[in-house]
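Here's a structure for you.
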């Protein structure tokens, strides 16, 4: 029994932060909720710092083998904390002074907590609970706007989440029955020689739940709707943070499965289908947030590449972690631009952005080209490592599919960029920009480039063993 | 009462629930379908615990399932309320603005 | 001395380039500068002809730029330099507009010719060779406002360049054959490569020398100014074709077939183009055809390895023909015509032009004891040794040359008709005067035309033969010389009495130009147009179609789609019309159809994919179930 | 033997009432049917010796169904007894999907070569679960507490139209 | 030193991009100043270059960058890259001069071109595949904005097509690079290490696939038939200086990739597939020339001649892979010719595009039918265009001849098949003469009337470029001395 509360310090920071934020918010008048924001920010910073400190610890599990403290956990914590901070940064303008400001922060923190736990746990039971912890704040965040669209998106997110949650529980049950344990360490041995058909049902159940969180096929239906209808910070959050936890969780799970069936092929096929669907569906969108929603679906496809070769090549884990970080900051940069110019929701309305606010246009260029994977942005290095890992793991065909998809994706990103640099229409009113979001956008764009250029320094840090 | 029979019953419950979840239009009824699916999972979990591996993990698993059921149900009510208030309807068919 | 060798090439090149670059600003000084430069070049040419320097500088890897003067060069180079000088002096009186450009180009040309004569490696040769072609283009098209003249330049350049491809190929083959790129070592190429080298050189030389079947370009080249015709298209550039063959005679011999081929092409050209010349009514056209015919002897000489005779003929012909072209030019500028009937009696009107022209014509006819008589017999003697038919054909050519030279002679010296003025000014308004600068060179050239036969007689001829190492070659017998002399005189006299036939096939230069148009130029242009259409419509459209498909796959975005679809429809429309006109692309439908099919399939797939996002929750449930079932099947089937 | 009979009885009740959920013509009745189904499963758990959990299930579900009924009356303004309803779509598809799923699952259940039972239940199951919860699986319960907290916040945010600052009715009108 | 050369324009671009209030004139002159400084730096580079022994690199710099994927910031120059670096500096300087009077958003334009310059220089000095790829992709991005932002006609569409097409190529390239990386043991992206290791030497199938991917990527960029269809619209709608850079520098990235990466790193595959390259080269030569012959739009025509000229390069590198009966010398000559052709084409075609741009600047049309007898109102323009056209058709005394002679002599020396490409030079001659005839000679007609002659800022860059071409054409050995040892190394490597 390794009960080491200190090992969970970042998570504790988040939880305490969530409670404190809510409490602080309930005592503060509506105009002065920046106090709650401060608390939330402080909690995230604290979580980040403690996570960074914990990186130095040796890889091990705590709490009876249910929670891994290793490189992957550290990366998830850091990425989640940083991403959530960015979300708060880009959402300040939209949230400040609203009725639900402090609740939003609390839910963001809880969602972040769910993502970290999900990415760090090595026990199916904790995973199931973490799924709930990750999902429930999302429903709240999606529906927060209370507009008809938001309500619809919340409904769909919720109903899909409930179904896939049940599938996750079903899978957990079956795997438990077959393996006699719920911790991965036990499963790794217990599942040896288990009947493949039953194992497949169990794995599929768990995988389905996690794919829902990640927003991949077949659990992707909620993503574009939520991205379109939810508030911008919520949309940014739910297309970014849950994926981080979910994909690492999938990685950990696939890593312990016995080789009695071709799991990698399944994941590879899902990856291919996901990226193709995301890209093809994004083509014709005219609402930038829906477009971004589909784009995140396609990104999940790329992110599944290293998962498909988990355990077959040592490069898979660092590739995944790096891509996650790169993706998070890039996606958030794009959303930050959207948040900064809330009036420009359609592609055509982006016209003349370069003239109106060149910095934002620059950030958008960096973000979108980053999503494409143009060097020297972070996602480029991510794609490079991911492609390399996939090829090394024997999935060269998937690399080709991914490359072809990348070309296809370029098309809709460029469709967004093209009007940005066109001259604005004469009578077009300038809706103005929101300062915090603009700063967040530029900051994130800088991070994209910085992370891309400093990839050499970051990548070795991500190369650590998985604790089981 | 063997593992297979119990599992068959669980599967039956699960599939009845699935039918409900897919076929019902009213949100609350869809939720009932989902509940029924969970019901099947509970039964299966019990069976697995009893027939295959009676470790304490199984009991905790049951606890988790029950918790999940409760929590999801609460969220379901909240979402249904939200839908009802903002769109004046509690039917999933009426909420199809977001598509394509 | 190597400095002089360089000066020979670099001096005219630099001065010429400067004059060209300066354009109109140099118009006033250009003639003086050019004549001065040409004088210096002539001096240098004589100096190097005596001192025989050689030099080599790095140019390309494994292929240096080699320059040297040997016996052959020593004969040809001063002659060319001298003719150039004289032509430039004439031009100073003849050319009135854009002198900077004209004299600059002439000097550039001289530099190229000088380099050609002294080149010892293929890169150096090809370098000069192509520059000659380009300056020829620029000079023929000197009056660029006239589209015909520009077209003539284009024809000349393209035809000679087509032949020049032979040199490129020869260079590659020489490398492949292990011979290196030295001209003197080409014969060492091994195996089949030797044949390729020989063929390449032969084709290039025949093209430049306007031999069959390339002769037609020379006809059109006559649209250039007369000094240009005099220098480029008789004395220098065309002659360089023959010169190259003389220089590479060992290569031709080594190949075993190229020498015979060259000999026969030369002989046949002498006859065929002789006939063409006889049929001409335009003085310059006649002279042009005659040039090709006379160079036939040089080529024949190269084929039978009569290098000294060939060189002598080349030099003598250069002097003779330059003289005649200049005379024609003088009359053209004075009377405004070069039509023979209109020129009747022109020699009587300006004896100062007419007398040298008469000397030239007599030399051309092969009348004793003028230069071409001697040099031609020198060549024919070796040809007879080689093969009797060759000799007979050559002799027939000689008779034809006497015929056309006689034709010119008689017309020029007949009494002018009363209504002479009415025939004048058909080409341009004549000045009715011949300036001193135009007259002076004629005398010198006439002297050359008369006495250059010395090049084959002892002692000069013997010295040259010794220098070239041609000791064992047969010399013309007295009988042969008498025969040819009698033939020449007889034909010339006969021409005075009898009207010459002017068959259309000969008047039209054997239809070679038309044939080229029909066989080569038009098909290529057709092909180009068809390919361009193919490129625009098939290659490009299949890409566009793919793009449309992918875009269509996404549906929506109306504006974009509209534009693309519109354009596609439009393109299909125009495409249909053009295809109806008989576009050459046979497989358009297949190729395009396939592309369209793929496109349509992709579009459908995309629509289908996006249609999955129905907004209906229960359908999401069903889809998720289906996907998971498929995944389960995948897992169970592939294990 | 007795166990078998009891189990089959419960099984029939559970499935039948499950089916009834979607067959009865009012939502309130459906709720009751669902509760019955849950109670049957809860009782079945007792057969496996899971006394504690069985009771928990029964109690929880009864409570929950009560809440559901109240909810329907309070929030949706329905009279649970008198609202006849048949609101289904894609009945055939649903049947097919459910039927096929059942076929697949049943085939799997019957064909799979299930492993042997390993180990024996602990003597005191309730103690064992307590130990697990406070021991090796402590993190589960720690996370569950966070989940409950998140649920409260989230559900309130969604369900309550007004926030704490309900002095501003304009907001609600606007939203 | 190399880093300074590469990143100086980038730094200037950042400054220009950030300084919003900068007057137009200042940004133009800053741009020019930076390019001149670059030129000076490159001159120092060339002056200090001494062919390193054993095919090594000069001015080498290597820093850790992404060690975990075997990628480092590794730059260096040799005889293959130095000429292209110099070419880049020259062409960009010419563009800066040409744009001195350009009124359309000069600050942004200057920043963008400086950025492009950095990427081009970076690509040519990169000795690491990832670094190479980074610059490769960034150049596409930069060019996209150049075409989309400063183009005319259907610029947005052409730019999109350009981007999509070349991006497809770049991804194929990336896939190929990854294949190389994984095949090397230990895994590395370092070009010299890969070249030394020649991975995939014993795996013909994998080698073919990797080479195929790399070839596809480079072929799109070069471009060769049938991947060239992005080129004509891109050129037609690009601004003059954009076309100059696109044709002068960006196309070279493809051909440079052949000699830098594909040939030395995959010798066996290259030998096995050389005939494909050769065939594509021959087809490109003839096809490009023929299609250009039929064009009625000047800029399109020049664009197609690029396909033709790049085809020569392909013929040469293809022939270099035909390792047969010891025609080592010929193959070296061919590769030297190929590199010379890159430089030559860069100079000449840039000049021609700058000249063609003048047409559009003046009267907004490139259609030959709109002009006639231009030589009368614009003699300087006519003269320079004539020089450019003759240089482009391979007239001796210009660099094109030096390049083409070597390519033909070398390629034919290596394989007879290359003979098929020879008619290309006749066709180019025909097409240039026809075009020249239509545009400049004859009676002055159409929009040619009152056509203003070249102004100084237009004259200088074109004149300078053509003068350089002349210099190389007359005294080629300084350049060839630079290239030949490197070509020898490449041929030696590909013959392994």
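In order of appearance the chains are A, B, C, D and E, and numbering begins at 1 in each one.
Note that contacts are C-beta pairs under 8 Å (C-beta built on N, C-alpha and C of every residue); 3 or more make two chains touch, one makes a residue touch a chain.
What you see is a predicted model, and the numbers here were worked out from it, not measured in a lab.
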Original post:
How many links in the shortest chain of touching chains run from chain B to chain C?
Top reply: 1
Original post:
Between chain C and chain E, which partner chains are common?
Top reply: A
Original post:
In terms of CA centres, which chain lies closest to the overall middle?
Top reply: E
Original post:
From chain A, which chain is the farthest off, judged by mean CA positions?
Top reply: C
Original post:
Where centres are the averaged C-alpha coordinates, which chain has the largest centre distance to chain B?
Top reply: C
Subject >> Chain pair whose interface holds the most contacting C-beta pairs >> reply: B-D
Original post:
Between chain B and chain D, what's the gap in Å when you average each chain's C-alpha atoms?
Top reply: 6
**OP:** Just give me the whole-number Å value for how far the CA centre of chain A lies from that of chain C.
**Re:** 73
**OP:** Please report how many Å separate the Cα centroid of chain C from that of chain D, as a whole number.
**Re:** 97
Original post:
chain A to chain B: how many Å between their CA centres?
Top reply: 26
Subject >> Sequence positions of chain A contacting 2 or more other chains >> reply: 125, 129, 132, 136, 139, 143, 146-147, 154-156, 159, 163, 178, 180, 183, 197, 201, 224-225, 281, 284, 411
Original post:
Which chain B residues sit where two or more other chains touch them?
Top reply: 14, 18, 21-24, 30, 47, 49, 52-53, 55, 57, 60, 64, 67, 71, 75, 78-80, 82, 85-86, 92-93, 95-98, 100
**OP:** Identify all positions of chain E at which a residue touches two or more other chains, and write them in rising order.
**Re:** 164
Original post:
Which pairs of chains touch one another in this structure?
Top reply: A-B, A-C, A-D, A-E, B-C, B-D, C-D, C-E
Original post:
chain E touches which residues of chain A in the complex?
Top reply: 315, 318, 358, 362, 369, 372, 374-376, 380-381, 384-385, 387-388, 391-392, 396, 399-400, 403-404, 406-407, 410-411, 414, 418, 421-422, 455-456, 459-460, 463
Subject >> Complex contacts: residues of chain C adjacent to chain A >> reply: 547, 550-551, 553-557, 560, 605-606, 609-610, 612-613, 615, 617, 620-621, 623-624, 627-628, 631-632, 634-636, 638-639
Subject >> In the complex, chain B residues that touch chain C >> reply: 18, 21-24, 30, 92-93, 95-100
**OP:** State the interface residues of chain D toward chain B in the complex, per the touch definition above.
**Re:** 3-4, 7-8, 11, 14-15, 18-19, 21-22, 27, 30-31, 34, 37-38, 41, 44-45, 47-50, 53, 56-57, 60, 64, 67-68, 71-72, 75-76, 85, 87-91, 93-95, 97-99, 101-102, 105-106, 109-110, 114-115, 117-122, 125, 128-129, 131-133, 136-137, 140, 144, 147-148, 151, 154-159, 161, 175
Subject >> Residue numbers on chain C that touch chain D, as the complex places them >> reply: 618-619, 621-622, 625-626, 629, 632
